[in-house]
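Two complexes are shown next, each including chain A; its partner changes from chain B in the first to chain C in the second.
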Partner chain A sequence: MDPIFFHRNPETATGHGHAAVQGHATGHGHAPDDGRLRGLKVAVQPGVAVKGWPTDAGSHALAGYVSLEDATVVQRLRGAGAYLCGSIHAAEFGFGLAGGRTGEAVRQAFADIELVLDSIGESRVAAARAGVCGLKPSYGLVSRFGLIGLIPSMECCAVLSRSLDDIRETLRIITGQDGLDFSLPDEEAPDFSSMAIDPGKITIGVIDEAQDALPATEGEEFRASLEALRRRGFTLQEMSLPDFSLFSLVHRIVGSVEASSAAGRYDSVRYGPRAPGAKNWNEMYLLSRAAAFGPFVKSYLIQGAFFQFERYGAFEDACRIRARLVREMRRLTSQVDFLAFPGIDGGAAGVPSGGMAGVPSGGASGDTAAGVPAKGGPGSPGEAPSAPRYGAQASLRGVYAEFASTLFANVTGQPVLYLPSSPGGGRAGIQLTGPRLADGRLLALGESLLETDRKGD
Partner chain B sequence: MRFSERVFCGRLTSDDVGRRVLLAGWVDAFRDHGGLIFVHLRDRSGIVQIVFSPETASCEVCQRAASLRSEYCVAVKGEVRNRLPGTENPGIETGTIEVMTTELIVLSESDTLPFAVSEKAMVAGAASGEADHVSEDLRLQYRYLDIRRPSMRDNLTSRHRIFQTVRQFLDSRGFVEIETPALTMSTPEGARDYLVPSRLHPRSFYALPQSPQLFKQLLMIGGIERYFQLARCFRDEDLRPNRQPEFTQLDIEASFIDEESLYELTEELVVKMFAVGGISPARPFPRMTYAQAMDTTGSDRPDLRFGLRLVDVTDVFTETGYAIFRQVLEQGGRIKGLNLKGQSDRLSKNVLQNEYAKEIAPSFGAKGMTWMRAGNGRLESNIVQFFSSRELDRLRSRFAVDDGDVLIMVADPSPEVVTSALGQLRLHLAKRLDLIPDDAFCPVWITDFPLFEPTEQGGVTSSHHPFTAPDRTDFDPADVEELLTLRSRAYDLVVNGEELGGGSIRISDRGLQRKIFTALGLTDEEVNERFGFFLRAFDFGPPPHGGLALGMDRTVSMILRTPSIREVIAFPKNRSAVCPLTGAPTPVKREQLAELGLLDLGSREVLPGAAEKEDRIDRLSWLSRIGIAAEERAVMAETLKQAEELALIAAGSAGEDEPMYTVVPLANRMRPGTVERRCELSRTGDLLKNAPSVKNGYFKVAGILE
Partner chain C sequence: MEFEAVIGLEIHIELNCATKMFCDCPNRPGDEPNLNTCPTCLWLPGAMPRLSEQALEKAALLCLGLGAELQPRSAFDQKVYYYPDLPKGYQLSQAHLPLSRGGGLDIIDENGAAKRMRIHHIHMEEDVAKLVHEMEGRVPVSLVDFNRAGTPLVEIVTEPDLRTPYEAMEFLKALRTQVRSVGSSECNLENGTMRADANISIRPRGTTQMSTKVEVKNMNSIRHVGDAIAYEISRQTAAVQAGEAVLLHTRLWDPDKKVTLPMRAKFEGPCVPDPCVPVLELSEEWIETMRARLPEMPSVKAGRFSRRYGLTDDEALSLIADPEVARYFEVVAEEGVAPRTVMHWLITQLVPAVKERRQELAGSRVTPARFAALLRMLAKDEINASAAREVLVSMFDSNEAPEAIVGVRGFEQISDLDALDALIDKVIGEQPGAVADFRGGEEKALGFLVGRVMRASGGKANPKVIRGLLADRLGEAKP
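This part shows the complex of A and B:
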């Protein structure tokens, strides 16, 4: 088995710059591309429909499934001349990062761009681990037609790359109205053209409660990062969101209910393996669906069924809280230009050597023998969640602890840019966010930061 | 107005012209001709047109008439008159007259109807309303409106008429109508019982009767001699299109009788019942033994409205060179066939080979099907070259083949498979080739059923029930071979391939009864436990007796030619055994269950609370149709425990906001285009490419039922 790729494009890139113009034109009958992304190598996930490719979304529920059509994002990327190099191993339905290799294609330069379904923060955590940039766009900007996920109201097609410029150009192509995705709102895509950022005029907010749950070492890293921003002339403003801890609750309740509903389609009728030996139709469902889902997703679906069928009130309560959190977040983002959030433990645990070599301040960054970082190490006994990290999604609780710093944006639909650590800039990895549709400005901010990182303080 | 003066709409005739009448009923249909208002007034008897005209009615009455709507319940007074020439409506019985209304009382108004009740057009030649396109569940949900439709009303009144015929006839023959209990003990009828918990005797149950079998025999022992009952029976069986959980059967039992007198009685009764529907089956009804029916039609309820008899041709092929037939014969198998006279134009090679031989015959259990078409004095087929001319000649004479005929044959090592597959092919072909005449009614008695059937364990079981008398009494109850040769004194009445009823002469000798139980392998203890109270009665001079039961819903449905038995039942269950009108069956309150001692049935050994948690995982597993393995249960239990905690926190933090289901502004979407089109992936068949199982261009799924 290929260690990174679940499927490699059988048509190799031809001509200069990998753009398989002719191969695509003849092989797939696509119109000639407009060349805007010519030369760009794009890796996707097994949950992205590419016509003729195996597309199992990392789940036995779709084992052997071969896509009949291109996802809208794929069709647009091809139309702009990008070359699809393959799909990367991913977690079941792209939920979490367990068992996948998300980020590796970009980190090892097999691809310029990776498309990553961001349901709970996957793109940002993977970017952190790979030491690359990642942008989760505003919810509703990118068509979800042809993307297979579990949580329709929260999942977004995010973009990983070593280059913010490539992310910008990719977003220009894949965002915007799509007649095939009826859930897209009638909104104008943000302005992605580059714009100047004057740190002296920019205020960046920091939510106190978002740091509360951080392990001590990460807290220190984050404060060091903020200090680096201040040194560059940005104004920092402390803010408060007392309900911050409820993001996880809302995500878990709403996410599981939507997942339970969305996974109803995996019934072994139109696709997916059918378990043998069913005597009737109900048994066919029970047996096939018993085999379709891994234990982690299965427990999520059963939890969703519990809220749907036995505690529907809890689902409605969670949606009420969601409304409040969205409102509060809007209020906070209206008072500053951007918000900064901790950059997730980029702790290179489990990442092959070279992952995050440059992260300052030891702490969680060193590889441990077991490949699991010694979280909550000396100085912070019992403070940190003891959940296992990468590669060991043992429980729902563990996954929700793993993504505790990222999932807020899936609940609110805000865009988030992850910038990797900058040894030169004295900064750890950091998440930057703004109001919905601030994607373009976020990229501009990111470019400005990377630029000053390069120059040094 | 005084309702005692009321006359029926449908009874008015031209003799009533000039008479002032009081009518009451429902507005069936309504036309407003600007000032002149016509209404079809409907009551149970029929429809008459009433007219509101400014010339005969006051302004105020005309105004109120203008506000009438369908199914308003009204009373009117007016004068009967002849319609103007050219305005008669031959679609209704009172179509030559109308009533000029002078008074109107709206007794009650009606909401907008869920479906049209009216079935009669107001103008001759116009289309009339039909309920055919209304979903049956909607009709059942508003059954009281459905029953207002004349066709349903006619069905129910005809049912009444048939029931009255039964009562009058049986009364005239000295039969006494006696009711037997509905709360009773489980009887050995073979289907599942509906159970009724007893509050006074916790953990004990009554069963609703599957038939009054034991009681009617006890009535014979009680000296009633001739009994009948239109009995409601209950069977908790798997769903089938034409089956109801509760049904009505005409139950008859008589003493000092034999088969002949029962045939005579039943035939006379059936002829009178069918006469209500204008049908007169010829008497005496033909009879066939079970063996004859199976041999010639492949069914124990043969449809005799058409020919197509099965012919055994095993002997034609004893020395055949055709490998498939030879192998079948070497294994002791049989070869039988049918001659479809003159059908070769309608059964092409393609249809015979690709539809019947490859798809249809295998679906009836046959491994294959051989066909031959006769033309130009020869038999043609894809395999005819494997047969000798002697074999072909013998086939021609055995089937009396003429040009244009089509022969089909099935060969199988199991004679039962041959018979059953050909029997089903016979029906399939008859329907496809329109060989079944519309208005034929062909009753037949099927007799001489085997008394026993073999069990897999090498013993025997009753084909009917263990109280059915055998054709002889001198058998050895230990000799299974001999037991399987016994015939029963049972009989079925079959009409047009449907079993309307059946019965038997019962065992009235306790020694013989004991012998039957011995043959069935039942010990004395088992017999006593199951039938003790019943057998005890046979110790006190039981008379020889026998009887029969007729399924009344099915019989009435056949007489009235309705597409389903639900059309002749006032408030039936639907195909899912649910009553859409009342919603039954429904869950009941915990208090009710507690009162009946049903709360912890079957879970007494389990620790308190544990069972409920187990149940919850099972319930969620079932609701979401996701099987959960034993080793996964611990994780699920932990997940649900956490979910409970989450629910608590959510409740405590919910606040007052309206729930938010999406973070983006909602947008209404119309799919572009107005012309329906077929999905390209469907047209090319690609849509089926990822399906685990496909048949004939459809996704194939497991059967809904086992």
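This part shows the complex of A and C:
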């Protein structure tokens, strides 16, 4: 089995003309291969629909499923001349990264960019592990048509790359109104042209409470990074968001309820594997759905169903608190130019994060994809050849602990740029965010920081 | 103890849109199974709903036509349940923020009193797929037809203002008239474009208590709605009188046995907001644009018909029940034919003839102009009523002017007095008995003689003229 790619494009990179014709044939309004991204190699997750490609979203629930149409992001990238090199091994529905190889195609230069579904912070954690840049755009900026995830109100197509320039050019192409996704707000796309950043005129806010839960070493690293920013002339401003710890709870309740409902379609009636031996359709549901999901996703869906059916009031409270957190964050971002959040201690690429409580050793990294079967995966006996692909082990508590520093942006929908640590080690990996639609300015800030990284402090 | 029923209705109406609610598939549920499907209405992974503008407009017009207040903000929710007719595990419906609130219809109850029946709210939702249960050899199989999945619906939820089966039936008739006139739906219980479920409970007459209600489904005619409610009232009354508790559940009407039977409950949870269909924000301006598109409402139209065409209230109501009939009537009446003649011939002759041929009034060969020409000949006594009926039949088969059909088929009335005198002479000669009876004072005998002359004329004589001529002749000859 290929250690990184779940599916490689059967056409070679020279087959661009053909890809462009395909893009044109889908008729989404983009000119065939306008050349703006010609030569750019793109890796996707198997939850991004590419016409004719196996698109199982990393789940047994969709084993063998082949897409009938391109996702809008794919169609637009093709239209700009980018080459789709393949789809990578990913966690079930991309959620929580467990068992996938997200970030590896970019780290090992098999691809220039990777499209990553960010539901809880996956793009930023994967970027940290791979030591590359990652941008989660503002929610509603990129069409979700053809993306298969679990949490519609929080998930967003993010971009990983070694180069911020490639991220910028990719965003120029994939953002903006889409006739196939009416949920995009009617607003102007951000300005992605490069702009000069004068550190002396920039204030970066830091939320005290966001550092509360950090392990001691990460806290020190973050403070050292902030000090590096100060030395470069940025003004830092301490800020307070007393309810910061509620982000995790809100994400968990709202996210799991949405996931429980979103995964309702995997019922084996029209597509997906149907478990044998059912005497009636109620049994068909029970048996097929029991075999469809790995234990991690299953526990998430069951939790969501619990809140929906048994604790609906808690779900309503979570929705109200979410609205309040969005308002609070809007207030904070309006007072400064940017906000800095701790980066994620990704460790070296492919090595499981130290923060993954409850994750069996090796379970969070690429072992599964490398051919070692996931421990305790459900792998129904009839699906032996593909069983290792599904059902990586992780615990809800472990994943929520690992993504505690990233999930706030999925709750609020604001854009976040992850920058890896500076080569000299003067600055650790860091997340930078701003108000909604600050995507272009974040990239400019990132470029300015990387530039000074290169010059050395 | 005397009981009264408290009845509320939940009425689903299929909007006559060109496409489904969230995709561009044709809205034709009756086509060959699974012909009208796409990744969106099959809800394949990655599909996104795209709310149809036409569905929103038709739903909004329907709300305004029922006097409801369109809400500035409404939203779709996910009604979660697992059933093979629901391809994504939830139905998109407006559970928390409906499209409109309030509104209502006036009906006349069995005592002739006017009563206002209030509507609680109206919301939009998508229809589910259709299940077909068949046998493959000895194995029962369930097949799913997704043509209907995603058909645009509105659900009208009334206040529990209805008290009798009669009132429920009158409400449905008034609703049908109103919705048809705004043009949002065919609104037919028989073909499923309207579906009515009834919530029924009983309580001691004169009290205001709210008892446990029972929902009854599966009535596919207005008559069945009345029958099912009547059955359920007597069933619950008998139960309460026997000291049994009425349990909250759903029952199905069995039209053959004429009883309601309990059905197995569907598992349903609370609805959660849908993150994919945008929240609908209707501006005051948009709502006013919709209001301006509303046609003349039936009650207003009925008043105008009585005044302008000198019809009784009942006659006016019979014409406006179907907007197409009302439109046709106006065109013909404005051609100078007596309105009551138009109404009578339209309702008793033309509409049944069109229906019999499975045609639409609007597309029929009998255009208002040809129908007016026919009625004008009748009014001028150029043809008699029975000839007019035969000419009408011929008009469905050709585009010739009615005058030409009358000429070719020889339907003109015999108005030549010499020819009629000859026929009358002949009949008087043949029927001395009847002549004697009439002369003896038996008026009925004159009718018999008129009939004989008509028969001798081959139906082409004018009975009024013959009656006059006969009376004159026999009177003259009276000794």
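As a convention for this text, the second predicted complex is superposed on the first by the 393 of 457 C-alpha atoms of A that agree within 3 Å, B and C clash if a C-alpha of one lies under 4 Å from a C-alpha of the other, contacts with A are read in each partner's own complex, and residues count from 1 in each chain.
Everything below uses one rule, namely that a contact is a pair of C-beta atoms (placed from the backbone, for glycine too) under 8 Å apart; a residue touches a chain by one contact, two chains touch by 3 or more.
On a predicted model such as this, the values are computed, not experimentally measured, just so you know.
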Using the superposition on chain A, decide if chain B and chain C clash or fit.
-> clash
Using the superposition described at the top, determine whether chain B or chain C touches more residues of chain A.
-> B
Report for A:E283: first if it touches chain B alone, second if chain C alone, otherwise both or neither.
-> first
Please indicate which partner A:Y312 is in contact with in the superposed arrangement: first for chain B, second for chain C, both, or neither.
-> second
Does the superposition put A:A71 against chain B (first), chain C (second), both, or neither?
-> second
Which partner does A:F182 contact after superposing on A: first (chain B), second (chain C), both, neither?
-> both
Check the residue A:R322 against both partner chains and state whether it touches chain B (first), chain C (second), both, or neither.
-> first
Which of the two partners, first being chain B and second being chain C, lies in contact with A:R274: first, second, both, or neither?
-> first
Should A:A57 be classified as contacting the first partner (chain B), the second (chain C), both, or neither?
-> second
Once the shared chain is lined up, is A:S153 touching chain B (first), chain C (second), both, or neither of them?
-> both
Once the shared chain is lined up, is A:V257 touching chain B (first), chain C (second), both, or neither of them?
-> second
Clash-wise, after the superposition, say which stretch of chain B runs into chain C: 114-122, 186-194, 222-230 or 510-518.
-> 114-122
Starting from the residues of chain A touching chain B, keep only those that also touch chain C in the other complex, and list them.
-> 65, 68-69, 153, 179, 182-183, 185, 260, 264, 267, 269-271, 281, 285, 309, 319
Touching residues on chain A, where the partner in the complex is chain C = 47, 49, 55, 57, 62, 65, 67-69, 71, 144-148, 152-153, 179-183, 185, 257-258, 260-261, 263-265, 267, 269-271, 281, 285, 308-309, 312, 315, 319
For chain C, which residues count as touching chain A in their complex?
-> 39, 42-51, 78, 80, 82, 84, 87-90, 142, 144, 146, 269-270, 272-273, 275-278
Per the touch rule above, chain A residues touching chain B in the complex are 64-66, 68-69, 139-140, 153, 179, 182-187, 243, 246, 249, 252-253, 256, 260, 264, 267-274, 278-287, 289-293, 295, 298-307, 309-311, 313-314, 316-324, 326-327, 395-397, 411-413, 436
So, in the complex, the side of chain B touching chain A is made of residues 616-617, 619-629, 632, 635-636, 638-640, 642-644, 646-647, 649-651, 653-667, 669, 672, 681, 686-687, 689-693, 699, 701-706
